[in-house]
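Take a look at these structures.
In the two assemblies presented below, subunit A is common to both, partnered first by subunit B and then by subunit C.
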Partner chain A sequence: MTDDEIIALLKKALAEVAPGRTADFDKITLEATIDDLDLDSISTMEMVGYLEEQVDALFPDEELAKVKKLADLAALMRGSRVNVA
Partner chain B sequence: MASKYPTLAAALANIGNDYPENGFTFQNMKGVETTLTFTEIEKETAKRAAGLQDHGLRPGDRLGLIVIEPEDFVLTFLAATRVGVVPVPLYPPMSMGGLDAYAERTAKVLETAGAKLLAASSQLQNILWGLVDQVDSLRKLVKVEELGNTDETPVYPEVKPDDICFLQYTSGSTSDPKGVIVTHATLRANTDAILGPAGLDSDPKKDRGCSWLPLYHDMGLIGFVIGPLMWGIPIVFIPALRFLRRTSVWLDAIHRHRASISFAPPFAYSLAARKAKPADIEKWDLSSMKAFGVGAEPISAAGLREFNETFAPCKLKPEAIMAAYGMAEATLAIGLTPVRDLMRTRTVDSAAFQENGNAKEASNGSATLEHVSCGPAFPEHEIKIAGENGDWLDDASEGEICVRGPSITPGYFQNEEATREAFQDGWLRTGDLGYLVDGEVYVTGRIKDLIILNGRNIHPQSIEWAVTDVDGVRKGNVVAFSVPGDRTEEVVVVAEVRGVERDEVSKAIRDAVHSAIGITLGDVVCLGPGMLPKTSSGKLQRRKARQLYLTDGLGRQGSRAPGSTGKLTLARHVAKSLFTRARTITARN
Partner chain C sequence: MGSTQEEVEVSYDVSNEFFRLWLDERMNYTCGIFDGTDNLEEAQVKKLEWISNAAKVTPEKRVLDIGCGWGANIEYMVTTRGVKDATGITLSRAQAEEIGARKLPGVEAHVISYADFQPEQKFDAVTSICMMEHISTPEQARKGEHISLYRDYFKKVWEWTNPGAHFGLQTILRNRVPRNRTDLRDIGWVTYKIFPGGLSLRLEDVIMAVNPHWEVMEIRTRREDYGKTTGEWLRRLRLNEAAIREKWGDEVFTDYERYLDTCVRGFDKHYQSLAQYSLRRID
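Up next is the complex of A and B:
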C-alpha cells in the first residue's frame, strides 16, 4: 500500500468512528500521533477494528502497545512490526 | 442452593465429576472457539500447579500474572489457587502509548504484593523483563505458556476457607496501590449470594454465561470464572479487546450459544445499541437471556431503556436488565435486582434531594432525578446508611452506604492502616453515597466529591453529565468541584474542549448547568485535549484538578509532553469503567 492509500483508508476509518469531524482530519499525515486524533479510547479501538477488517489482518496487541504515530499504524497495515526508536 | 465446596481448590478438584458436560469455551482474537470441560481444566491446572511448584513457589507466595490470552490466564490463575499460591492479576499493556506509566504502576503493585514470580504471556516478555530488576521481591519472569511443561505432579497442601485465595488491586492511586484480600470463604459467600435464589437463581444444567469482561478484575474473574467453577456453570469467554474492536461479537456469541447470563458496565450497553446493524438485529435471538447485569459505574436508566428498545425485536425480555452494585472490598457484589424483576427506578424531587438528601418521590411539576435500585442486601448480609455523625439514617435519607456480612474482605494485604480506616465497628464504610427504600439500595455518588453550595448538596456528576453533551466538549472529560468564593462556595467546571471557540463553549456550559441544575457557575475553564489530570486507571481526578485550579496550575502540568499520552488509553478506559467501583476507600483520606 502506498502512503496515499493508507491515508485515504485512515480517513475512511476516522469518518466511521468520528462522524462529523471530517474537517479535523482533512490534512492528517502519517507523522501525526494517535494523540493528535483526539479520539477517546473506545473510538480508537473501533478505528483499529475497522482498519483490521479493511486490510484483513489482526494487529498483535504487543505491537499495538508500541504505536505512537500513524506511521506506526501504517507499518502494521503493511504487515510489518512497529519499530520503536 | 449453594456450592457444595468450601474452597475454590476443592471445587476445581471435583466439579468435573458433578457436571462432566460443562466447561469453559474460549474464543480467541480471531473468533475461533476452544472448549475445555471442567475435567480437562482439572488436568491442565494440575500440570501448571506442578510447574509453579517447580519454580519454587510455596503456599502463601504471591505470583504476578500478566496474561493476554484468556485461556492461559484462567488456567494459570486457577492452578495457583490449587496449591495455595496467591495470584495477583494485573492488566496487560493494551493500547497505544503509555508504556512508561504502565510499567511504573505495575512495578508498584508487584512490590506492594511482594510477588516472588511473574508469569506473563511470551509476547510480553520484552516489555516486562525490566520489572525483575525494579522489584526487589521478584526473582524471575517466566513464560506462562511453558508452565505446564513438566512431568511432575503437584503436591496439594490443605487449603482452608480462611486462606487468601488471591489479591485484587483496586485502582487506588499509582503511588499507593492497595491489595484487597480475597479469601476462599469470602468468595464462596459472595458467589453463592450472586448465583443463588436471591440473585441469578442459577442452574448449571440450564444456564450458560457469556462474558467479554477482562479477567484480571473482579467482575470478569469472580463473576465468570470463580463463581461458575464453584457451581459448575458453563461459560463462553470473549477477549475484551476483541469486543472493543468488534462490538457485535458479544451479542452474537450470546445468540449462538443460547447464553442466559452476561454482565458489563453501562458503556457496553450504549456501545452495543449504537453499533448494532439491522441485519444483526434481524438475526439475533436474545430470548435465552435472563440476566444482562449492569454495574461498575453509576447506572443511567435512560441508557438501559435504549438498549431494551434496540433489541426488543430480538425477543430480549425487558426484565433481563439487572442493575448491580458492588466493590472489590465486598469481594464483588453488594446488591443486585433479583432475576425476573424489572429494573426499578425512583423519581425523586431534585430540590429536596440536593438540599438535604431527602429522596422523597417527586410531586408534579418539580425538577426530578431518577435513581436505579440495586436490590436488597444478600441473605446474611446487611446494608445500612450512616449519617455524617455516624448515626444510622431512616429510609430515603442519603448517607454513606455501609455493609457487613460474610462477603466482606478481612482487609488490605499488609496494610493495617488502610484496613482500619475502611472499617468501623465491623462495618465496611464504602465511601459511596446512597439511600435505602424498603430495604433496597439506591447508589447516588461518592462522598468525597460532594459539592455543598449554600447548604445544598450537589453531586459533581450531575453537573458533569449536564456539561458532557455540550457541543465542543470532549465527552466524559469534564470535572466539577467547588472552591471558596467571596461569600459562599463557588462551583467551577473544567472541561476539555475541541476547537478554538472557547468563549462560545464556556457560555454553552454555563447555560447547560443553569438549566439542568439551576445553579450559576463561579468559573468555567476550557482546556485542550488531554489536559485534565487523570489517575493511572483513567479516572478524572477532581481533587487534583481543584488543587491545580487553586494554585493556578491547570493546563500547565505538562501532560502533553512529548511521548506521554494525556488521554485515556484503552487500558485506562476499561479500567475507568470497570474499576470505578473499586475506587479507593482511600480516596476519602
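Up next is the complex of A and C:
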C-alpha cells in the first residue's frame, strides 16, 4: 500500500468514528500522532477495528500499544494481509 | 495493593442466597470443564478434579486454597480426595461464613489478604482458582507494576510451601481488546462495576511472573468452557428473574444480566479466555 492509499483509508476510518470532523482530518499526514487526532479511547479502538476490517487483518494488542504516530499504524497495515478493493 | 476488602465484597457479598440461585449446587463461581457433559454441576466437579490433579493433592498433604470462595474446592478436596488438613483464605466475610456453615472436618477458613497471610506451618499442595485477578488493579497494570505484583505473589506461595509442592492454578485471561463501542463499554463496565479493583491476566504475565519460583508443567486453555459456564449462569439467572427482582431489586438483576451477557460475548469473541496450570515448586 502506498502512503496515499493508507491516508485515504485512514480518512475513511476517521469519517466512520468521528463523523462531522472531516475538515479536521483533511490535511492529515502519517507524521501525525494518535494524540493529534483528539479521539477518545473507544473511538480510537473503533478506528483500529475499521482498519482491520479493511485490510482483512487482526493487529496484536501489544503492537497497537506501541503505536504513537499514524506511520506506526501504517506499518501494521503494511505488515498485514492486504485485501483492499 | 490489588483489590481492597471493600472491592472484593462488592463482587462477592451481594448475598450468598443470591449466588446460590444461579451457580451450581456447590457454588463454584469459576469456569467448569464441559468435557463429555452439558451439565454445569458435573462440569464443576471436573474442574475441581483437574485442579486437584494439577496440585497433586493426596489425603496426607496439607493443602492451601487461596481465594477459596464459598468453599467448593475445599469441600471437594476434603470429601472426595480425602484431605484431612485444608486451609482457605478469602477477603470476603460472606464467603468465609458459608465455609464455616459447611462444617468440614480439618478445614480452617481465614478472612485475610494473601499479602498479609503468614502461616505457622508450611503446605504441601496449593490451589488457587481465579483469585489472581484481584492482585493488580487496572491502574497498577497501566503503570507497569503488575508483573512485579504477580511475581511477589508467586514468591509468597513458594515461601509458604515445602519442597516438592505443586500448585494447581486457574486464571481468567484477557486476550484481545474489543474493537467496537458496545463491547468496549460493556467490558469496561464489568471491570469497574462488578469487579472493581480486578483485572484479568495475560497469559504471558503468568509465564513471566512464575520465574524463578515455579516451573510450568502444564497449561490448558478453556475459552469455550467458560463461555458455556457463563451461558448457563445467565440462563439460571433469568429463570430466577422474578425472585431476584423482588428480593434484591431491579438493579441487581439488570446489572448481573448485563455482566453475564458481556461474559458470554467476551469468550465467544476471544476477548477473554481461561487457563489452568500445573506448577511445580523450584526447590
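Quick notes on this structure:
Assume the second predicted complex is superposed on the first by the 79 of 85 C-alpha atoms of A that agree within 3 Å, B and C clash if a C-alpha of one lies under 4 Å from a C-alpha of the other, contacts with A are read in each partner's own complex, and residues count from 1 in each chain.
The rule is short, and it goes like this: a contact is a pair of C-beta atoms (placed from the backbone, for glycine too) under 8 Å apart; a residue touches a chain by one contact, two chains touch by 3 or more.
Fair warning: this is a prediction, and the values are worked out from it, not measured in the lab.
By the touch criterion stated above, A:Val67 is placed in contact with subunit B alone, subunit C being left untouched. In the superposed model, A:Glu52 makes contact with both subunit B and subunit C. In the superposition on chain A, A:Asp4 contacts neither subunit B nor subunit C. Greater residue coverage of subunit A by touch, when subunit B is weighed against subunit C, goes to B. By the touch criterion defined above, A:Asp38 lies against subunit B but remains apart from subunit C after alignment on the C-alpha atoms of chain A. Overlap of the subunit B and subunit C contact sets on subunit A: residues 41-42, 45-46, 48-49, 52, 58, 61, 64.
Residues 29-30, 68, 92-97, 99, 123-124, 126-127, 241, 244-247, 267, 271, 474-476, 498, 529-530, 538, 560, 563, 565-570, 572-574 of subunit B are the ones that touch subunit A when the two sit in their complex. By the touch criterion stated above, subunit A contacts subunit B in their complex at residues 24, 34-35, 38, 40-42, 44-46, 48-49, 52, 58, 60-62, 64-68, 72. By the touch criterion stated above, subunit A contacts subunit C in their complex at residues 41-42, 45-46, 48-49, 52, 58, 61, 64. For subunit C in complex with subunit A, the residues that touch the partner chain are 176-181, 184-185.
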